[in-house]
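Before any comments, here is the structure.
Chains here go by letter, A, B, C and D, matching the order in which they are written, and residues are numbered from 1 within each.
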Amino acid sequence: MSLRNIIAFLVVALVVLPSLGYLAGVAHAQGGLKITAESYDRWLLKECPCEGGKLVIALPSEPNTFNWFVAGSTWSILVLNPLYDRLVRIVNGTLTWEVATSMEYSSDYKVLTIKIRDGIKWHDGKELTAEDVAFTINVLAKYGWTYYHGYFASVDRAEAVDKYTVKVYFKSPDAGFIYNGLASMNILPKHIWEPLLKEKGDGLAKYAPKIPDELVGSGPFKIVEYRPGQYVKYVANKDYWLKKPCVNELVIVFIRESNVALLAVQKGEVHAYYGWVTAEVVPQLLSTPGVSIHVYTSPTFYHWGFNNLKWPFNITEFRRAMAFAVNKEAIVNEILMGYGIPGSPGVVPPVGINAQWYNPNVQNAYYFDLNKTAEILDKLGFKDVDGDGWREAPDGSDFSFEIYPPAYDIIRVRAAQKIAEWLSQIPGGGIKAVVRVLDWKTVWPLIRDGKVDTYLLGSGPGNDISWLYRRFHSWPGGTGNWARFSDPEVDKLTEMLKTTFEPEKRKEIAWRIQEILAEKVPIVVLYYRKMINPYRSDTFDGWFKPADGGIYNRLTLLNVYMKPEVCPVKPKPTTVIVEKKATVVQTVVQTVVKPGTTVVQTVVKTLTTATPVQPAPATTPTTPVEKGPNYALIAAIIVIIVVVAAAALLMRRK
Amino acid sequence: MGVQAELSERLNLGALYEMWMVFRRNKAALTGLILFTAIVLMAVFAPYLAPYNPYESVGAPFQPPSDKHPLGTNDVGQDLLSELIYGARISLFIGFVAAVVGTFIGTFIGLSAGYFGGLVDEALMRFTDMWLSMPTLLFTIFLAAVITRIGTFPMLYGIILAIALTAWPSVARMVRSAVLSLKESLYVEAARAIGVPSRRILVKHILPNVAPIIIIEVITRMAIAMLTEASLSFLGLGDPTAKSWGMMIHYAMIRNAITLGMWWWFLPPGIMISLSVLAFMLMGLGLEEYFNPRLRYKEQ
Amino acid sequence: MPGNGFVVRAENLKVWYPVRRSFVELITRKPPLYVRAVDGITFEVKPGEVFCLAGESGCGKTTTGRALLKLIRGAVIGGSVYVKPSREVFEEVSRHAPEAVVDKDSRVIDVYRVPEKYMRPLRREFQIVFQDPFGSLNPRMRVVEILEEPLLTHNIGSTKEERLEIIYRALEAVKLIPPQEFATRYPHQLSGGQRQRVAIARALVMNPRFIVADEPVSMLDVSIRAEVLEVLDELKQKYGLAQLFITHDLALARHICDRIAIMYLGKIVEEASADELVFNPLHPYTKALMAAIPDPDPEARLKYREVPIKGEIPTAIRLPPGCRFRPRCVAYDNAAKEIKRLCETEDPGLVEVKPGHRVACWLYK
Amino acid sequence: MYRIVTSIITFFAVVTLVFFLSRLTGDPLAELANDPRITPEVLESIKRLFGLDKPVYVQYIDYLKNLFRGELGFSLHYMRPVMDVILERLPYTLALLVPSITISNLLAYRIGTELAWRRGSRLEVTTLTLSIFLRSVPYFWLAIVFLYIFSVKLEWTPLYGAMSPGMSPGLNWEFIRDYLWHYVLPFFVLVFRETIAFLFYVRSAMIDVLGEDYIVTARAKGLPDKVIKRSYVARNGILPIVTILGMRYAFLIDGAVLTETVFSYPGTGRLVFESIYNRDFWLLQGVVVILAASVIIVNFIIDLIYAVLDPRVKYG
C-alpha cells in the first residue's frame, strides 16, 4: 500500500464516514420515504384521431425466448414489452407510475409498501391483483437463474397484504431497488406461471411458453402469432386500462440487414425500424418522401479501458497522459459522422435517467492535447532514447502496448486505429500501440480475465446510479470492474450509494465519484452513440420520441395512429385520388446540449409527401389464428409435390 | 521431336515445357493464364498502380466515383480503387496459402492411405469420407467460427486454416486413387522386384507422378479458397482489418451500399473475385484435360 | 528335396485370390471363395536353362512368374518356392532369416519363409522383365537413373563412376549403343524394343542368376521382337543366365526354350523338352494349342485341325470336379466309359509317361 | 448393410467432432458477465442449470444420450431444445431445396446431354464459356446482384422473408400467392446456379458415354439420333451423374445457407448465420449435425439408387 493510498484511506475514515453516519441518522429520524413519480397522463393522447390499421415495426433480431424470466436479449424484452405492464416505468428519463399508484419505504428502509391500481384485467379476463405482483417478485428473489435475480437479491419476500397492496421485505436496504428492479419488472400472471413453476421447478428456465395460450399479459397488445425468424403478430387490447391503443394490429418483423430494413421503410412496408442504422444513410432517408428519423442518445458508454493492475497502466499519470491523447470530438465527428456525443470523463452519461446524477463540472477535465501527453510522458521517463521516433520505457527498453477492439463493431475498430494514430504522433516520439482485432468471443474472456493491456468496450449503465458500484468498486468486489480499478474512496462511496436513499445525498456522492473518476481515469469514455430510427411520418402520427430511447416504446404503441387521410375507418367516398403534394416540414433533431460542448443544432429538412394510400377495406378484426396444422409445412409439401410431379411429367414427355 | 523440345529436355524443363504446350493449344487455358498473370502483376505492383494508400483516409467518406476517386470512397474516406488493387494481395494470399496448406494435408493423407493400404487406408478413408460428407461451406463456416474464437492469433490465419482444413479431403481422395493406380503400375512393381525400400519407392516413383495432380489441385483449390473466403467475409466471419475483396463487399453491405445505391462499392470486388476464380478455373481445366480428365470428380 | 540341380524350384505352389464377400455373406458364414489362379504346380528351372511356361491368357502363368519372386500381394499362397542363391547372398539371408534355410549344404532357401525385410539380397539375384515395356519404366526418370536405382539399392559400385561403368556395360550388353547417349534419355524418347532392352538391362546390372521374362515381346511389334529375343538368347549363351520364359506363343517357345510346360487353369498339364512337346504332344489341350499355330505347310495344318477344342476357358472360381479340362475336352467325349468316370471324379496328377515328358491326363495312365 | 454401418459410424464421428470443436470455443455464457442485470451468482446458477459445470466428457455422454432420444441439446440463445428451433425452420429449407434440386438437375441433364451431343458447335462453346464465367461468380454476390436488380431497382420481388409480415399462413389463394411471390427469387437463384454447376458433370459424363464403342456402333448402324440419345446415351450417362448427386446435394446446402441469408429467408441456412451472430454454438452444432446427417442419408439413398440402376453393383 502506497503512502498515497494510506492518506486517502485516512481521509475517508476521518471525514467521509462520520458525515455519512450522520446523514443516515437523519434519514432514519425522518422516517419513511415516499417515492415520487410522474403520471403517464401527460404523454397520452386524449383521443385517437383514427382508430384501426396495422403498424409494422422492424427489429434487427428475433426474440430469443418468450419466457420473460430468462429473456436475455434486448429483442426479447422489446417483443414482450407490449404484452406486460410494470409497476413503474422509466419514461423519457423520469420514473412514471404504471400499475403502482404509490410506494413508501418504512423508516428502516426494510419494508416497501406498494399500492396498485384496481380494475386492471389480464387478457384472459381475470383481475390483476397484489397476488400477481407478489408472486413475480418472489420468483425473481428466490430463483437464481432468473435474469433479474441480481436486482432482487436483497429481497427477502413479498406479500400481498390485501387485493391492492403489496409489502416487500428486504434482507438489507437496497437504494437501487425501484429503479433497477421494479422499473424493469414485468408483472406476470400468477394463475399461469405458478402451476408451471410447481410442475417444472428450476426447469422453468428452459421452458418455452406456449404461444399465445400462456402469454397472458395485461398490456395494450396481445400476441396472436409467432413465425420464427419472420414476425410476431399482436392485436390491440381494446380493454386496456390506461388507454385504448389507436391501431388494431401490431406486427414486429425481424430483418437482420439494415440495408433491407431501410429499403423496407422507404417502400413503406415497414413503418419504423428500431435497429442499428449508420449515419451515412440519413440524407438518403430524409430525401425519401414520407420518411423521418428519430435520433436519440444511447446511455451505453463506449470506452477505452485500461488494465489498471498492469504496468504502466497502474500509474495514474500515465493514464492521464493517454486521456489527453484521445480526440473524442474527432471520433464523434469523423467515425460516428456526428452521431454521438463525446464521452464524459466522469463516465456517467448525461442522458436519460442517469442525467440527474451527471456531474457537468468534470466534462472538460481532458481535451485533445498531444503536447500535454508528451509532457507527462517525459516526466514519467517515457522518452525516445534511441531516436527511432518511438518512446522507450523508463528503463530504456522498447515499449508498446495493445488495443483490443471486438471485430464485429467496425466503429470501435476504426476508433482503435485512430487512437493508435494519435499516439504515434506524440511530439518527441510516439507511443507504439498495436491494434489487434479479434472476435468478440475471443476478446471477451481476455478482458474479463485481465489479460490485455487496453480494450474498447461498450458497457451499459444501470437505471440506478448504484451501477457505479458494479463498475468501479475494487476488484474483485465489483464484477463489472473490468478495468480492475481500485480506490478506497470510490469503494466507500459506491458502497454508500447502495444504502443511501436520500436523492440529494445520492447526487452528492455520485458527483464526488465522478470527480474521482475524472481525476484517476480508470477508463477513457470515448463516446455515447446517437441512434437513428427511421419511421414513416406520412401514414402514421403520434410517435413518441424520447431523448434517450427508440421510437418503438410503450407510449408509441398507445398513441400512434394512422393519419386521418389514410385512416381505414373513416369511410371515404369511393376511391380517393389525392394529389401528390409535397410539404416541407422542418424537424429539429434534438441534441443534448451540455456545458463545455459545442452546441450543435442540426436542422434537417424533411420532405413529407402525402401519398395517396388506397383505403383498405374496413377494419377486419383480426381473429387469433386457431392452433392447427403447420401451414408452412403443408404449403412446403404441396409445392414439393407439385414441382416434382411437373418435373416427372416433363421427363416423361421427352 | 523438335529441336526446341530437345533443348528443353536438356535443360530439364520438361514439365514446364509440356505445360506451356498445353496452354498454347488450349485457348481457354491461355485466357486463364493471361488473366492470372494480370492479377498477380496487379498484386505485386499494387503500390505503383494504386493512386492512394488504401489504409489512409484520403477524402470525404461515401463519395461517388469522380476523377479523383474513380470508384469513390468508402465509409472512412479510403479510396475504393486503391482498396480494390491492394485487395488482390490479400485475396491471393488467402487463396494461395489455404490452397497450399489444404493440398499439403490432403496429399499427405492420400499418400499414406494409398501407399500403406490395409487398415491405415481404411481408417484414413473413413475419416476423409466423414469430412467429405459435410457440406463444405457449412463446415468451413463452423470451423472458422470455432477457430477464430479459440486463439488470439490474427483472424486472417484462423480463416485460412478453416479453409485449408475443409479443402483437403477431396485432394486426399484423388491422391489416394492416383497412388493406388500408380502402386499397381509396372514400374513400381519393377522397383519392388529390385528390392527398393518402400519409402524410396514413395518418394522417387510415386510422388513425382502424383505431382501434376497436386499442381492442378492447388490451382483449383485456390479458386475455391478465394470463393470461400469471400463467403465467410460476407457472413461476417472475416478479418475486419484485412482488405480482401470479400471484406470490401462485407463493408459495403454493413454500410448500406444497397440502400444508398452505391453499386460502385459492391460490384467491382465481386467482379474481381469472379475474374480471378475464372482464371484459376480455366487454367485448372486446361491442365486437367491434359493430365487426366477422369481423375477428378469433386469441385465447387 | 528331390533333385539338386536347380536354380529355382516351385513345389505345389498355389496362389488363391480371395473373392470379396458381402456383409451378409460374412455374417452367414458362407465359406470364402477363391480364384485359384495357380493351383498346385511343381516345376524347376535348372541352371543355364530357359524354361517356358505357356498357355492361354488367364491360365496363371504370369501369376506363377511373379509368385516365384514373391511379388504377389493380397492372395493366399501355398506350397514352397526354393531358390539357390550365390554363396554370399545365401550367407546374408541365412544370417538374418535362418528359419528360411532348407538345405545348408546345397544353399537352398525357401523364399516364402524369408521375412519381407530380408528379401532384398535375394532380389538382387532373382529378377524379372515385365511384359509391358511402356509401363514398366518410370516416365519421369532417365535411363541412367532407372539403371542406377538397383545399384544404389544393393550398394553395388561405391562411386558414381563405378556405377556408370556398370550401367554402360549393361547397356552395351543389351545392344543400346552408344550407351552414353541412351543413358540420358527419358523412356518416352525410346522405342518399345529399346525400352524393353532397358528393362532387361535393369535386371542385368545386378548380375542375377535367374530372371523371369514375362512375355517380354508380346507387346512389341513383330519387327522388333527379334532384337529383344536375340538379347535374351545372348544372355543365356554368354552368361549362362537361367530364365523362366512366359509366353502364350508356342512357336516362339519352341524356338527359345529348352523345356516347355503347358498350363491350363492354374495347373501344369504337360511338361517336356521343347522338341518333344511340339512334335509329340500328348495332352488334348496341348494338341489343341498346337492346332492354333499357323504352319506354313498347309498339309500339316490340316492334320492338326482334326483336334479341335470346344467352349471357352471357364472361370477359376468354381472348378468342375475331376479333370478341369474335361468340359472342353474332345478326347473325353470319345473316351471309354471307365476313363470318363475317372475324368469326372478325380484330378489326374502329372505323371511321367516318358523320360522327361510328364502329362496330366487319364488317357495316359 | 455395409453402407448402413459406415453411414452410422460417419454420423457419430461427425457428431463427436462437432461437439468437441464447439466446446473449444469456451464458456458459452461468458458474455453474460457484462450484462448489468447479471451478477456472478446468477451466472453460476444458470451454468448449473445447463450442466455447464460438469466436465466435458460427462456433457458429451449426456449429449449422446439425448441424441438417441432425438434431441440435439439445448440452445442457450433460444432457451429451447435445438431440435425444436430447427424443426420450425426446416420446412422452409426443404421447400426451397427439394424443388430446386429436382428442377436444376433435370434442366442440367437436358442441357448437358444436348451440349455433349453438339460438342464443338458454336452453341456449345457459347454456353460453356458463359457458364464457366457464371460459375466463377461468388454465389452470395450473385444473389445480392439479383436482389439489387429485381427487388430494389425493378421492385418485382419482395426484399425479404418467406411471406409478408403478418400474413398468417392458411390455405387461401392470397397466402399462396404471397408465398410464391417471396419464393420465386431465392428459388430461381438456387436453380440458376445449380444448373450451371451441374451442367459440366452431365456434359463430361455424356461425352465419355458418347465416346464408348457401342455408341459409335449405334451411330454407324445409322440409328436415328433420337433413338441413340434416348436409349443409349441417356441410360448409360445417368450412372456417373447419380454418383455425384450426393455431392451436389451437399453443395446445394451450402448454397441455401448463402441464399437464405441474402434473402432473409427463415430456413435452416439462415439459422446458421443467426447462430454465428448470436454466438450460439450449441445451435450451430445442432444445425451442422442435422445438415450433415441429411447429406449422409442422401448419399446412402443415392447408393441404393445406384445399385438399382446399375446391375453390376450389388450391395448386401
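As a working rule, contacts are C-beta pairs under 8 Å (C-beta built on N, C-alpha and C of every residue); 3 or more make two chains touch, one makes a residue touch a chain.
This is a predicted model, so every value here is computed, not measured.
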Longest centre-to-centre distance from chain A, chain (CA-based): C
Which of A-D and B-C has more C-beta contact pairs: A-D
Averaged-CA centre spacing for the pair chain C and chain B, given as whole angstrom: 49
Whole-Å separation of chain centres (CA-atom averages), chain A against chain D: 38
Separation of chain A from chain B, taking each centre as the mean of its C-alpha atoms, in whole Å: 45
Between chain C and chain A, distance of the C-alpha-averaged centres to the nearest whole Å: 88
Multi-partner residues of chain C (at least 2 other chains): none
Chain D: positions in contact with at least two other chains: 25-26, 152, 273, 277, 279
Sequence positions of chain B contacting 2 or more other chains: 149-150, 236, 253, 258
Footprint of chain B on chain A - complex, ascending: 257-260, 262-263, 266, 278, 280-281, 284, 334-335, 337, 407-408, 410, 413-414, 435-439, 441-442, 446
Chain D contact footprint on chain A (complex, rising order): 54, 56, 61, 64-65, 67, 70, 72-73, 143-151, 153, 184, 202, 205-206, 208, 225, 227-231, 233, 249, 251, 253, 255-257, 260, 263-264, 267, 269-270, 440-441, 444-445, 448, 457, 459-462, 467, 470, 479-480, 482, 625, 630-637, 639-640, 643-644, 647, 650-651, 654
In the complex with chain C, residue positions of chain B that touch it: 1, 9, 14, 185-187, 189-197, 200, 204-205, 208-209
Chain A-facing residues of chain D, complex: 25-27, 30-42, 44-46, 49, 74, 77-80, 84-85, 88-89, 91-92, 94-95, 98-99, 102-103, 106, 110, 151-152, 155, 159-166, 168-171, 175-176, 179, 183, 264, 266-267, 270-271, 273-274, 277-279
Touching residues (chain side chain D, partner chain B) in the complex: 6, 9-10, 13-14, 17-18, 21-22, 24-26, 129, 132-133, 135-141, 144-145, 147-148, 152, 200, 204, 208, 243-244, 247, 250-251, 253-254, 257-258, 261, 272-273, 276-277, 279, 281, 284-285, 287-288, 291-292, 295-296, 299
